[in-house]
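The first chain written gets the first letter, and so on, giving A, B and C; residue counts start at 1 in each chain.
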Amino acid sequence: MIEKLLYVILAAVGLYELVDLAVLRRMKKRLVHRARLLNLLMLLVILTGFAFAIEAMTLYLFLQIVLLNIVEMCVLVLATTGIVLIFKTSVTTNFAQGTIATVGAFTAAKLIIYLTANSAMPMSTKLILALVSSAVVCFLIGLFIDTVIFRHSRYSNPVGKQMITMGIVLVLFGLMPVLFGLLPLTVEAFSYEGQIINLPNMFPLFLPNHNLYALCITVAMLVTLFAALRFTKWGLGVRATASNETVASMMGVNTKLITALSWGIAGAFGGVAAFLFAPVGNAVTVSFMTPVQVNAFLASILGGFSSFGGPLVGAVLINLFSSIASAINSVWTNVIVYVLVLLLVLAKPLGLFGKKTAKKV
Amino acid sequence: MTTLRLSFDRIRKQLASIARHPYFGFLAFGSILVVLRLLAIGGVIPNSLMKSLVITMIYAIIALGFSLLLGYGGLASLGTAGFVGLGTYFIGHFSGTLGYPFAATLLISLLGAIVLGAIVGFISLRIEGMYLAIITLGLSEILREVFKSFTAFTNGVNGLGFRDFALFGLPVSDTAVDFIVIFVFILIILGTLNIIKSPTGRALLAMKNSDSAAQSMGIGLMKYRLLAFILATIYAVIGGLLYMMDQQFSIPTTWSLDFSLNILAAVVVGGAQSITGIILGTFMIFGLNMTVLKEIAFFREYPDATWIVSGLLIILITMFYPGGLIRLIQAIRFWLVKTGKKLKRKWRIHRYGEDD
Amino acid sequence: MAKMIDSLLQGFRLHRLNRLRDQRSFLENYLPILVKAIRDREARRTALWNERAEAALRGPAILADIATPALAAEKQAALAKIEERYRWRFKALAQSKKRALERSADPAVETTFAHRAEELESRKRQTLTKCALRFETPLERSQSDLAAAKEAYRLKSEAVQAKAEKRLTLEKAKADRSVAAKTASYESKIALLGNKIEAVRGVLIARRSADADSMMPEDVLLSVRNLSMRFGGLLAVDNLSFDVRKGEIFGLIGPNGAGKTTIFNCITRFYRATAGEMLYRKNAVEVIRLNDYPVHDIIRQGIVRTFQNVELVWELSILDNLLVAAHTVYRTGFFGQLFHTPKLRREEEVMRAKAFSVLNTLGLLPYAFAIPYGLPYGILKKIELARTLMAHPRLIILDEPAAGLNDKETEELAVLIKKIRDDYHATIFLVEHDMGLVMDVCDTICAISFGKKLALGTPAEIQADKLVRSAYLGEES
C-alpha cells in the first residue's frame, strides 16, 4: 500500500512539473494557476491515499471505525471551531480551550450526581440540564477571561495573550481539584444502545445512539454558528474584526462586545465538546481534554487559520487519518497521524486552505 | 597614615572593577550554591531543600536554552519537553542499560541534539510564528509517543530507572551529582553570557526584530535559525542528562505539554532577555512550590493547587509587566531610589528651612 | 578545461586578496587603539608616582612648618568642609528657633537660642583651630630645631624628587619603547601585507579575462539590464535598463507606485526578478551577476541598503546597532565567540572605534549609548544611514532617506550624503520623493513611471523633459 502511494506521489509531482513547464509557462497568471494546480494534486493524492487505505482494510472495517469514531470527530470539530473563533477575533491561540471545557464537564458530572441524589427526574432531563449547565459555565468562563483579563492587559501582543491563556490553564488545573475533589468523575452517555444499519453486500454496521445524538447536536450548533456568522450583525462584526480590528472599531463596530461574545461562544462549544467526549470511555479528570486540545491545534494549522471552514475540514481529516491509522497499527496511531500532518503542513505552510498575505519591505 | 589610605583606595577601586565584571555575579552565585551544598552535608540546612534547588537549577539550564530561542531569536517553540525527555533516555539507555562509558553517551546525545535541532531549524524556515509553536508541539507529542511505544529504548510507560552512575569508571554519589549540576549550571550561564554579548547574540536579536533588515546586513536566516534551535536543543538534552543523574528515573508522562508550558512560563515570568531574570523566573515557577508552598497546610491537602500560584503569577506579570520580574525589580529599585530622594528632601526642608 | 582551472585559480587569488585586505585593515585599525592603551597606562602610572611623592613629603613638610601647595590645598579643603558642616548646623538652629517662636512668644526662647548659637560658634572655632593644627607643627620648638626640620625637609624633597623624576623618565621611556616597538612591528606587518596584496593584485589583473571588461565598461559600478518584475498579473517593472557609474550620486524618481522600491528589492535580491540581469563590478577584476547571490550575501559584495520604514534592533543601544551592521566584518567563529577569545575582544574594540568614528561623522555621538525607543524620527533615519557605513560599503542604496524629515533636516541630509560619498568613497543610489533634495545632490537621475523608463540624464535635462513633466504634473504634451 505504501509503495502504491509513493508511486502516486511521484506521478503527481511529475505531472505538476510537466504541466508547469508545458502549459503554465505561457499563461499570464502563472503563480495563481500553479497554486491551484498544487492544491488540486494534493487533494488527489490525499484521496488516493484514502482509497488505498480503505482497500487495504476493507470498506466494512473502515465504515465501522468511522461510525464508532463519530463522537470523537464531533468533539474535535467543536473544539477546533472554538479555537478558530478566538483566533479570528483576538489573534491568539487559546491554550485554555480544553481546560475550560474540562471545568464544564466537571460541573455537568457534579450536577448529575446532585440531581440523582435529590430528585427523581428521568435520566434524559438530567443529561439535558447537565449539557446546558456545562455550556453555560464555559460561556461564563470565556466571557470572564475576555472582559476581566484580556481587556485589562496593558501590552497585548499575540505572544503575551498566548502566555495569559497558558496561565489560565495552570490556574484552572490548580482550581479543579479544590472545587470538584480529587477523584475522577463520570458522565453518563445519552444512550448505550445502538442502531443496526444494513447495507447491501455487507455485514450489518453498528451505530451507537450516543454518536447519533452527538452528531445531531454538533451539526445543529455548527449550522447555527455559520448562519449567525453569515446573516447576523454579530457575524458581520466578527468578520470585520477578523480582517482588521482597528479599522473595524473605527468603523463603529463594537469590537469589545464581539470579542467577549466570541470568547463566550468558543467556551460554550468547548463545554459541549467535553460533555460529549466524557462518556466514551473517558473518566473526567483534570487533563482528559489535553489530547483533544493538541489535535485541535494541529487541525487548525492543517486547515489554515485564515478561514472558518478550513480548520473544520482539517479536524475531519485528522479524525479520518487516525481512524485509518488505528486500523493499520494500533500502537503507533498517533505518531502516524502527527507525521502525516507535519508533512502536509510542511508542503503547505499556511494550511490546506490558507491564503498568503504579502509582507512589504 | 595617608599612604595607607591611598592604598586602601586603590584596593577598593580594584575590587570594584572586579565586581563590575559581568562574570563576577554569577561566579559568586555559584560559590554560594557550593557553600549551601556543603552546609547541607553538614546538616545545617535540610537535604530536601537542597534537592529542590538542584532540580530548579536543571530546569534553569533548559530555560536558558529556551530563552536563546524566544528572547533572542524570537522563535516560539513548544517542543522543549520532548528534547529533555530524549536526553534522559539517551543517558538511561546508553549509560544505564547498555553500560557505555559516559563520554560516548555525551557524544551520542550531542550528535542527537544537533540533528534534531537542525531538523526543527529547517522546519522553522518554512513555518513561522504560532504555526511553528504548534508544529513543535506536534513534534514533542511524536517524541512522547515514541517514548511510550518504543519499549526497547525507553522501557515504555513503566518508566526507565537509572542507577549506579559511573564517571571514568568511578561510581558517582548523589552528593557528587549535585556538585556536577552546580558546575555545569555556572558553566552554561557563562557560555550563554558570552554568546549573547557577541556578534551571534546581536544577530539573533536583529533577526527577531526584522527578518529583512537582518538579511540585508548579511545575517543568513538559515544559519542563525538553525544555530538557535541547535543551541536550545543541546541545552535541553544536557538538562535531560542532568535530570536523569539527579532523579534516576524518567517516565513519558513527565514530558508532556505541561512541562514545555512551564519552561515557557519560567522564561516569560522572569524576563526573556536577562539571565538573572530567567533564574529568578525558574525559581518562581518550579522552586517556589517545592520549597515554600509545600509547607502551607492548604497546599499539602491539594498538592496540585500550587499551579494556581504559578498561573496567577504568569497572568499578572504578562498583564502588567511584560518585561518579566526583572523589569518589576528594576521598577521597584527605581521607585525606592526616587522615594528615598524625595524623603531626604522633605527632611531637609523640615530641618534646615525652605531656602537653598 | 584550462579556462576552468584558470577561473578557479583566480577565485582563490581573490579570496586570498580579500583575506589579506581584511587583515591589513584590522592591523591598521587596531594600532591606534593599542597605542592609546599604552599611553593611558603611562598616564595612570605617572599620576600614581606623583601621588606617592606627595605623600612621602607630607610628614616632613608639616614638621618643618612649610606650606607646600599640596598641603595648603589640603588644609583649605579640610577647613572648607568644616565651615560647610557648621553652616548647616546654624541653619538647623535658625529653623528650630523659628518653629519654637511660632509655638510660643516667650522671651526666654530668644535667650536660650542666643545661648545655643554662641555655644555652636565656640565649638566651630575650636574645631577649626584643631583642624588647622593638624597641618602645623604640634610642638613648641626652638629655632634650631625648626631649622633642622627644614633642612631635613629639603633633603627629603630633593631625594623624593630625584626618585620621582627617575621613575617618570623610566615610565615614559618604557611607554615610548613599547609604542615604538608596536608601531614598528605593526607597520612592518602592514607593509608586508601591502606587498603581498600588491603582488596578488598584480597577478590577478595580469591574468584577468577579457570578458569582465567586455561585459560592462570600466567606470560603471552597477548595470541593470532589461529588468522586469511581475507580480501575478501586474507588471511592476517593465524592461528597464540603466547604469550607475562609480562615485556618482544616482537618483531614481517616479510617481507613487512607479516601482522604485521594487527595483531596489530586485537589486538586493528580496524579490526574484522575473527577467533581466543586474551586473555589478565587485572589484577591479571581477564583474558579478547579482542574480546569482542570496539576500544575505549582497552586503558581502559591498552593497548596503536602508529601509523606507526604520528597521532597527529596538532592544540594543545605538552603538550595538552599528555593531550588528558590521556583522559580516567579524572573522571570529562561533567557538571563538563562545569562549570570548582575545581575538574577538580585539575585533570588538576595533569595531567600536569604527562605530564611534562613524557616529562622530554623522553627529550622533551623544546618542551612542541610548536605546532607539523614543528618539526623534530624524535621528532614527540618521542611524540607519550610519549603519550602512559599517561594512565597507561600495554602493549605498537609500530608500527615501528624506521621508518624514522637515526642511532643515533635509538640508542637513543633502550635505551629509555628499560628505559620505566623498569620505567613504562610496557610490550612492537613492529613491526620493523630495524633488529639491534629488535635484540638489544627484549627478544623474532616472525617471520612471509604471515600471517604464521615461528619461535618464542630469537634473537639468530631467527638469526639461516633457515626458517627466506630464507624468508628474499631468501636463498635456
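By our rule, a contact is a pair of C-beta atoms (placed from the backbone, for glycine too) under 8 Å apart; a residue touches a chain by one contact, two chains touch by 3 or more.
Only a predicted model underlies this, so the values are computations on that prediction, with no experimental measurement involved.
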| item | value |
| --- | --- |
| Maximum centroid distance from chain A, chain identifier (CA atoms) | C |
| Central subunit by CA centre of mass proxy | B |
| Inter-chain centre distance, chain A versus chain B - centres from mean C-alpha coordinates, in Å | 34 |
| Where chain A and chain C are represented by their mean Cα positions, the distance between them in whole Å | 56 |
| Residue list for chain A, restricted to those that touch at least two other chains | 361 |
| Residue numbers of chain C (touch at least two other chains) | 270, 307 |
| Multi-chain contact sites of chain B, meaning residues that touch two or more partners | 212 |
| Complex contact set, residues of chain B against chain C | 2-3, 6, 191, 194-195, 197-200, 202-203, 205-206, 209-210, 212-221, 227, 273, 350-353, 356 |
| Chain A contact footprint on chain B (complex, rising order) | 76, 123, 126-131, 133-135, 137-139, 141-142, 145-146, 149, 212, 256-258, 261, 264-265, 268, 302, 304-315, 318-320, 322 |
| Chain B-touching residues of chain A, taken from the complex the two chains share | 93, 95, 149, 152-155, 157-160, 162-164, 166-175, 177-178, 182, 286-287, 290, 293-294, 297-298, 300-301, 305, 331-332, 334-335, 338-339, 341-342, 345-346, 349-350, 359, 361 |
| Chain B-touching residues of chain C, taken from the complex the two chains share | 51-52, 55-56, 58, 88, 91-92, 94-95, 98, 268, 270, 294-300, 304-305, 307, 311-316, 320, 323-325, 327-328, 330, 332, 334, 337-340, 344, 387, 391 |
